[in-house]
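As written, the chains take the letters A, B, C and D, and residue 1 is the first residue of each chain.
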Amino acid sequence: MAGNSFGNLFKLTTFGESHGVAIGGIIDGCPPGIELDLEAIQAEMNRRKPGQSAIVTQRKEPDEVKFLSGVFEGVTTGTPIGFVIENSNQKSHDYSHIKDSYRPSHADYVYDKKYGLRDYRGGGRSSARETASRVVAGAIAKQMLKNVKINAFTSSVGDIFIDKPYQDLDFSNIESNDVRCPDSAIAEKMIDRIKQIRKEGDTIGGTVTCVLQNVPIGLGEPVFDKLHAELGKAMLSINAVKGFEYGSGFCGAKMKGSEHNDLFNIDGSTKTNLSGGIQGGISNGMDIYFRVAFKPVATIMQNQETINKDGEKVEMHGKGRHDPCVVPRAVPIVEAMAALVLADYLLINKTYS
Amino acid sequence: MAGNSFGNLFKLTTFGESHGVAIGGIIDGCPPGIELDLEAIQAEMNRRKPGQSAIVTQRKEPDEVKFLSGVFEGVTTGTPIGFVIENSNQKSHDYSHIKDSYRPSHADYVYDKKYGLRDYRGGGRSSARETASRVVAGAIAKQMLKNVKINAFTSSVGDIFIDKPYQDLDFSNIESNDVRCPDSAIAEKMIDRIKQIRKEGDTIGGTVTCVLQNVPIGLGEPVFDKLHAELGKAMLSINAVKGFEYGSGFCGAKMKGSEHNDLFNIDGSTKTNLSGGIQGGISNGMDIYFRVAFKPVATIMQNQETINKDGEKVEMHGKGRHDPCVVPRAVPIVEAMAALVLADYLLINKTYS
Amino acid sequence: MAGNSFGNLFKLTTFGESHGVAIGGIIDGCPPGIELDLEAIQAEMNRRKPGQSAIVTQRKEPDEVKFLSGVFEGVTTGTPIGFVIENSNQKSHDYSHIKDSYRPSHADYVYDKKYGLRDYRGGGRSSARETASRVVAGAIAKQMLKNVKINAFTSSVGDIFIDKPYQDLDFSNIESNDVRCPDSAIAEKMIDRIKQIRKEGDTIGGTVTCVLQNVPIGLGEPVFDKLHAELGKAMLSINAVKGFEYGSGFCGAKMKGSEHNDLFNIDGSTKTNLSGGIQGGISNGMDIYFRVAFKPVATIMQNQETINKDGEKVEMHGKGRHDPCVVPRAVPIVEAMAALVLADYLLINKTYS
Amino acid sequence: MAGNSFGNLFKLTTFGESHGVAIGGIIDGCPPGIELDLEAIQAEMNRRKPGQSAIVTQRKEPDEVKFLSGVFEGVTTGTPIGFVIENSNQKSHDYSHIKDSYRPSHADYVYDKKYGLRDYRGGGRSSARETASRVVAGAIAKQMLKNVKINAFTSSVGDIFIDKPYQDLDFSNIESNDVRCPDSAIAEKMIDRIKQIRKEGDTIGGTVTCVLQNVPIGLGEPVFDKLHAELGKAMLSINAVKGFEYGSGFCGAKMKGSEHNDLFNIDGSTKTNLSGGIQGGISNGMDIYFRVAFKPVATIMQNQETINKDGEKVEMHGKGRHDPCVVPRAVPIVEAMAALVLADYLLINKTYS
């Protein structure tokens, strides 16, 4: 049962390999009557795409999305929205050296073992290129969500962390620098670190924090489809993600109940919010905030020893165009996945009225 | 779309409230021909059940599971396995005080908001009692998995951590103490802390680490149903969970690619295993290890100020029988969820042969 | 992927074999706040159960349904509703003769081939006993549907047909005779035929017609989950069903467009209704009517030649208690399945508001 | 929950309106390693497409399918197969007259009611144009099924029926005439009738019979996903279908058990096959044969009185290019849907090994 669909009522199914003809997807279940702002969708695409700045991969893709159905006279019809994004800047020859070899910590080895063959060019389906389709769907979901505010940002690169609670950050600063960190001083340090890492031909990890505000109360479907469980699955499905925590997260594991409980105000809001906006798996109206951990990208420009299909040792030289740090480009992907989850659960909640 | 089912091909659907007549479930898709070891299933149940030791809740439930179908002459038939576990030791009067009040950091408030009403007794469906059904299904999944080794243990309570890598631990020690920590010295400290916390009428959080060994290569369904994404969702659906990380986890976010990459041995195994046994969302044959963070249980014996349905301030006194620390009882639940995920993905993988 | 669940948002999962401990199911997704009329549910059960009259099987089951969860103080909570129905009147020794033999036109052979083993007693999971669970869920769905009228009746037994359009029938007569035919004169002929067939130790087929009135406009999800496609699947999943047609059905295949088209009245209703209340797979507010064909039950009291597991010829004598004609007992099952489909699609439609 | 996906393990999701930019789909779950015969796929497309002969619609579409992913060096990779088919011969002005009016027995009215708006051109999503995507997927499924023989043919047009059992027909004759009837004499009568109907500006219905041979034993998932139930849903989802019957069908409802039962041969095959190759919802190795009823297409060239959006009477003149009888073009669609069901259930059955 291949896993290329996400969502229940607002469902995205995607296709496409890094160096194939095109990537794209179908959104099934988008409600009718939404006037789509196509520029806003393209803007989200542009946030994600490669070749934007000096600290990300130099592959240049226009990443223009073309809608093929489901929109009539600018308004969604309730019928499935099919879309494609052409691949144009593939340099497949960059990958001929891995045709028979397995790059360490990549999916090359397991794809061969699972499927018996693979499109090796650019990592094929395992490449993060497929996340472009997620951003298209997430952008449409955002337009469905209207009042909900979704803001993600880079909260750490390597061992450089933002040292303030998110409430003290100005989200309007997120897009003001290449690393998408709303704290300008920390952003500079992050950028310097990434440039350093790039010179070394290495890569580095980081974390993305995401804050969802004005989320309606009542989203979430216990006991297995709790809101934070679905958010966690959504984030963990993004390339290079190694961890997810929400609210007090792993720190909460060190606390006592008397310290951790969020007491109520008279209007149902809570005085503190260590819960992270979700209790019993259902949103309670408070801010939902979570953090996603990204490992350093596996493709480095340094030499590595590895093996090939026949079990022989080979030396691999990193080639192709790569990201020293994926975290800035992951920010819009995290937002897109959050929007998809919220849109889906919002539709589910309509059945309770 | 209510979320009371887990899995695709090996699917568990559960029902039951804490103080209802019974809890139970249906397992659909268990392959035929498996000779069920009923004692082993009951043994897993006994690991989870309340009233076992001085450091957990004193509610005593026999937690005997009764199978109603799907097993003929001791062997699974491939037809759905229905089972029930009777609730016997409900002290519903213990909960009359919360009939109209909302316990802080519990699901009381959101259930009322979402559904318009709730079975308040013992937390109703939001109570961790429903996890007993998961353990039944997980126990059956374990028997399907045969060679796979699944071991979970308490890795921290509050700020008391095991300070060794899991490879240096003896898993046969896990059941040797009430806190299910395989390091005896650390276990003692944990137990002392929990007893202290209990005297204070408070609760404390902790983490569970789980190690899966001998997992076949190739399990996982990119791009959305990656193995670790499904494991993450499974764990996050357990009561009180606030975080999930696998392999290098959040630490990996601080590392460089040259430090993080797992180089190959000639036979396809890797020299290091920061990947945590999963690459590109697919198992690669190495140990899969992950950590789950549990917040302190919200029910404390100290007084708390809260509100009731009419938005009035009320004072709440903790009553009922509760856990000062859920982590030891969560250990078999973590194993059960891991077994369910692996069983499901193992069945999916048969379609590739 | 075992197929024991039906529905998407209003979902029923069932379990249970004919001679197992019990049968039952879980209804997930029933909206909260419905005051359940338990007597009405039991009344539907009584319509289906065996041992009711001289023209059906003599197996006597009380068929009392016991609810285990999901209902609090008589009102649905929105949490899953688990229920069991105990099997009490199994005469398993009646089936010892088929332990190793395959009854012609039964599922014995294919179950052994598919699963490798089977619970042979009473046909195990393949027995129509499992339909009792469907009737429980259908009864609850009916209570959710309020204004929709669902009426099914026996429209033919063998070559004895009702010769009037349904509009000329009095549905209040359906329960007035054992064969559930609203035309008293035809009903008598049907009963006589069935008694005759019973004396011969034979069985006979028939058809059930079902009429759904006051169905809201807009139910149905093109292009694959069209309303009539889901109704068709629902009916075809009932034991012994060999055909489904709605509206003009197979007769419509002989007609011309100028004869078949339903012209509009000013208010959107249609002058004729050969469409059968569904156009483009979506309900249009007119009566939905369909017909379901039942083959004669395979268990006959006459001797038959057959084979056993080892491929040897054996002679089989029909034993056990059986129905000469299942059609009267199928009437409430047809209604139950129709109610499940409508409840599900009604919930889905709420997402469009 | 929009219904634009079909299948579980071999899953097709489609998009596209009659006069939109393009139609297409994604096939998720096609096993890796299948060498795709692209010409065979295009040949199936050509069987379905409009403008082929004098007895079908004169709209000319090249219906060339373009694959965008999931195939590498001619072999399926196990990753999702995305494909598009461009719409080129839309004459949208032909439909301006129905912009605000509702064609009788079409989906115009219900789409407006359900979604609040619709793409009126050519019927939008409700047009049979979307079936082209089904044929692509069905063609790929056929290649996965290898030894299974799938043959569908026109068995009746109006009141002209083939009067032989299918065993006496030569399937190699199906493609020898425009009406796809393997009996040449009957075919001529059918063609004459259709030409007559066309002159009258009218339309006529008919039936398609389909025979599946060499189907492996054991396909089907009781109790709700029985093989014939899924086949029924598949066929009923095709435009204009009003009925489905398999094996003895509605005739079986008139028979007695002693007449209807299929006795076994020693090798497990049956002497007769009124069951139609499926018992208890599971294939038994015998031929599966079923019949699908198509009503006459609703668009006729004669004038019809109807209403518009504002509830006013208007007169409608049939325009556009239409089919006097869809049945010949439905033949490859019926085969495609049968192939999709078998491919899906074949994959499901692998989990039992």
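Convention: a contact is a pair of C-beta atoms (placed from the backbone, for glycine too) under 8 Å apart; a residue touches a chain by one contact, two chains touch by 3 or more.
What you are looking at is a predicted structure, and each value in this text was computed from that prediction instead of being measured.
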Ask   = Based on the averaged CA atom positions, which chain is farthest from chain C?
value = A
Query = Pick the pair with more C-beta contacts: A-C or A-B?
reply = A-B
Key: Approximate Å spacing (C-alpha centroids) for the pair chain A, chain B   = 27
Message = Averaging over Cα atoms per chain, report the distance between chain A and chain C in Å.
response = 46
Inquiry  = Give me the residue numbers in chain C that touch at least two other chains, ranges are fine.
reply    = 1-2, 4-5, 8-9, 14, 29, 32, 78-79, 114-115, 125, 222, 348, 351-352
Residues of chain D defined as touching chain A within the complex = 1-2, 4-5, 8-9, 11, 13-17, 20-26, 28-29, 32-33, 66-70, 72, 75, 77-82, 84, 114-119, 124-125
Remark   = Per the touch rule, the chain D residues reaching chain C in their complex are 1-6, 8-9, 14, 102, 104-107, 109-111, 113-116, 125-126, 130, 156, 158-159, 197, 200, 202-207, 217-218, 220-226, 228-230, 232-234, 236-237, 242-250, 252-268, 270, 274-276, 279-284, 293-300, 302, 304-307, 311-313, 348-349, 351-352
Task = Would you pull the chain B residues touching chain D in the complex into a rising list?
result = 1, 9, 29, 31-32, 78-79, 222, 347-348, 350-353
